[in-house]
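Listed next: structures, encoded as structure tokens.
In what follows, chain A forms one complex with chain B and a second complex with chain C.
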Partner chain A sequence: MKNILLVMKAEIKKQQEHNYHSYFVYFSLLIWPVLGFLEVYYTYKPFSLTGNFIGISSGKELLAFLATGYMAYNCYWSMVQNAWSMSYQERTGGTLEVSFLSPASRMAMNYGKALGALLQEVWMFCCFCLFILLYAESIRWDNIFLLPVIFILLLGSSTIWGGMMNAIFLFSRDAEIFMDLFDTPMVLFSGTRIPAACFPVWAKVISLLFPLTYCLNIIRLVLHITGDGAGIGADLLRLGICLLLMVGITKVLLRRAEANNRKNGELQFY
Partner chain B sequence: MVRVIGATYKKNRIGIIRAMPWSFIVSRVVTGVTQIVFPFFIYHYFLAGNLNADFGVYTGGADYITYIVLGAALNVLAVSTLMNVGRALITELREGTLEVLLLSPASRTGYFLGCLGEQTMRALLEFGTVLAVGGIFGADLRQTFTLQFVLVILLAILGFFCMGLSLSAVMLEARDTYITQNTLFFLMSLTCGIAFPIQYLPQWVQSFAQIFPLTPAVELFRRVMIHGQGIGENVELLAQLLILSVIYAVIGIVWFRRKERILIERIFG
Partner chain C sequence: MNEYLDKIVAKNLVKNYELKEKQGFFRPKKRRTVHAVKDISVEIPKGKITGLLGINGAGKTTTIRMLSSIIVPTSGTLTMDGVDAVANHLWVKERINVISGGERNLYWRLTAVENLQYFGSLYGVSGSVLDERIRGLLEIVGLTEAADTPVERYSKGMKQRLQIARGLINDPEYIFLDEPTLGLDIVIAKEIRALVMELAAKHHKGVLLTTHYISEAEELCDYIYVLDKGAMIAEGTKEDLKDLLGYERKVVSQIKEPDLEETLMYLINHSRGEHA
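What follows is the complex of A and B.
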């Protein structure tokens, strides 16, 4: 366990040294997500929220709904983006093969990469979302103790999602298509911008494929944004199963990526 | 100049045929389609067509889906043209061919027109794809392929091209494409009235939006496509688009000439 934590710590440190040396990163980590969030908020402006639409009946409730959606989506999306950029940078830099040449645990390195990126990439935008949630009165003094629970849930689930992304991006030099494949369906169907409960059946089926759907359901139920908390157990169980499945898939993918490279001659990626 | 346009067109065309930038094209089309699908879901599944009265006032009673589709399609055309023209010089720099361009006596305007000519077909293909998807989602596109439609598109491309000249100089100055283009596209998408009328935004943001050619272009496009108006009936929008085009073209050309001198000194001095 000590070794695993050491490897993860080293990967987090590596990420920090490698990526965060330019003020330009603040654009991608704060300004773009904020602009994207505002665009979505204003897309709702032509609509009248009179009545109760799946628990949303006012501008403030809509803000809280979108802030939770964007906060969680940002965590998950930064994992896809990071897996892509790291696989490219490490591939061309010649350090990706260290994943297979080093005696360190493959899984620990994989999750270390994901966690390192997550901690550094999303904190600014999460602060913005928390500010929105406070303004919308979804987070109050009486439920502020829920914040650490939400963060642990977000950190844990998106790190496991990120680990799977890192394993997928080990397979190909040109996996940019995954960016589009994971981004648009995830943002649309997981309930980031629109409640998944209002979807037609076919869209609901697609939404079940993304762990972000369950994660968001739990966060919104806990904060009483789209309901009073009933049914949270079912979502927790589904998220648990989803995470276990992803850990299993990551393990298999890592083994296959290594076997594939050994079979094809050498462990060098580029 | 015609020969420079032809040569640049040919050079870029060969590059595109040999290494088609599929990921850019897929990404732009996906973005455009998402800009349709998301409001479509809100309109049909979530808020069940519950539009407020202001929307009717701001858009002259436009059909919501048609309004959205036209905005998304023109945004794709803008992004595509700005990217393809704006990235021209920095791509030359990255590929090591900027020195040749700087030393050549060829017309710089001809070079950019060649870039524009080459990319227009691809940009229109992306624009057409998003428009066709919008048609499937229920947009009323009966005004497509009328003379007014063609004229608006040509005017819009002129505006985007001139802005692309300035963008090209900015990218060369900053030696960056990623941050510059994405920040610009996020700003345009939020402020130019793509997914909602800009009247919903604060007044100062509405004023800020007027610096982008996309703002008058998308308004003109919607008036032609939704209300069947002619360009002649919207002189103020036409004038704004043309004035912005001239301003951006002058900024781009002057900036590039200054940069050119510095670059030549740096490379060959």
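What follows is the complex of A and C.
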């Protein structure tokens, strides 16, 4: 256990030292997501929100709905981007194979990479979203204790998702297709901008494939942005199953990627 | 069992790669088998420097990658201190390290200390032990003053020296050096050669050195294997190898005693059926 934590800490520190050396990096990590958020907010704003539009009945509710959606999506999407860029950088630098030359736990290296990137890439935008949620009164003094719960949920589920992405990109250097697969479809079907409840049946079925759907449902239910919290147990169970499945898939992919490399020496290719 | 202790023993190693080659957009890929290494047997004892000589494409790097458990042999056996190194590759990886020539395998935006802290952590080394080891290694490779400079600002020689420090961060029992002086100037190359000698003689580490600098092999190696086109064409001490050529030369023309470079070219040409 000590070695696992040591490896994860080393990966987090290395990520910070290697990728986040300029203030401009942090600037782009805030401005671009905020622009995306504002684009959708001002697209919806002209419509009347006095009734019950897609389960939202006021401007502040819309802000809270979009802030939670974009905060969670940003966590998940940053994992896909990071897996792709790390895979490319580490292959070209030759450091990927050198790290696999060590006896370190492959799962710890994998999740350390994901957690390191997550902590660095989303904290500024999460602070922005938190400010929006406070303004929209979704987070108040009486429910502020929910913040750590939301924080752990987002951090844990995104890291497990990121670990799986890292394993996929480790398995194949031609996995860029996953960038397309998880960009627009994940925004649409997991309910980042539109509640999944508004979808037709076929789209609801697709939304079940994204763990972000359950994560978002839970956050919105906990904060009473959509519904009063009823049905949260089912979403928690679904998310739990999803996370367990992802850990299992990650373990299998890592084992197969290493076995494949030991047969073909592919980790040195770029 | 004792004959396998304190050494890496490879017997009849073979490595074949299955390549898929493009034939055209709609045509299925053509499969081709490349025989990278053909039935070689090698021993790397502790406290000695074993050389692997050959020209480009001879199979030196594939052999070193098999011996260091990065890739698995297609067939043959590989043991380290009597333990099956193919099945127990993580156990092997705790006790070995590989140092390659060139400028890759380091994080260029990190400093030397940050690189060594990261790689040390992967081997479970931490705290004051790691700090002490990093300080000692940087001193050995002469990078103490540049310890906190990002690697991207290093010269080629400094990067190579840092590679050596990285390769020693886990205090390995066996070290694989894949052309460690490639492209370095004579002063730095000489320093690195002195360090390699010290690792074997003073620290009792088993060293496998691949190189195509004949003088390097001549100066350092206790025992030499010569590879060509993936096959072992000769082995022995440098004197044994010189004798192979020297004997025939003496019979034919009584010319001067050959050097190792001449011997190597003779062996390669002879194995290929060409005239020396």
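Rule of thumb we're sticking to: the second predicted complex is superposed on the first by the 257 of 270 C-alpha atoms of A that agree within 3 Å, B and C clash if a C-alpha of one lies under 4 Å from a C-alpha of the other, contacts with A are read in each partner's own complex, and residues count from 1 in each chain.
Operating definition for what follows: contacts are C-beta pairs under 8 Å (C-beta built on N, C-alpha and C of every residue); 3 or more make two chains touch, one makes a residue touch a chain.
From a predicted model like this one, the values you see are computed outputs, not experimental measurements.
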First, second, both or neither for A:220, with chain B first and chain C second: neither
First (chain B), second (chain C), both or neither touched by A:103: second
Touched partner set for A:194, first chain B, second chain C, both or neither: first
Between chain B and chain C, more extensive residue contact with chain A: B
First, second, both or neither for A:9, with chain B first and chain C second: second
Partner chain in contact with A:91 - chain B first, chain C second, else both or neither: neither
First, second, both or neither for A:113, with chain B first and chain C second: neither
First, second, both or neither for A:17, with chain B first and chain C second: second
Contact footprint of chain A on chain C as seen in their complex: 17-18, 65, 68-72, 89-91, 93-94, 97-98, 100, 102, 104-110, 114, 117-119, 121-124, 126, 166, 170
Interfacial residue positions of chain A with respect to chain C in the complex: 2-3, 6-7, 9-10, 13-14, 17-18, 21, 93-95, 97-104, 109, 261-265
Residues of chain B touching chain A in the complex: 23, 26-27, 30, 33-34, 37-39, 41-43, 45-47, 50-52, 54-55, 64, 176, 179, 182-183, 186-187, 189-190, 195-197, 200-201
Touching residues (chain side chain A, partner chain B) in the complex: 24, 27-28, 31-32, 35-36, 38-40, 42-51, 53-54, 176-177, 179-180, 183-184, 187-188, 193-195, 198-200, 203
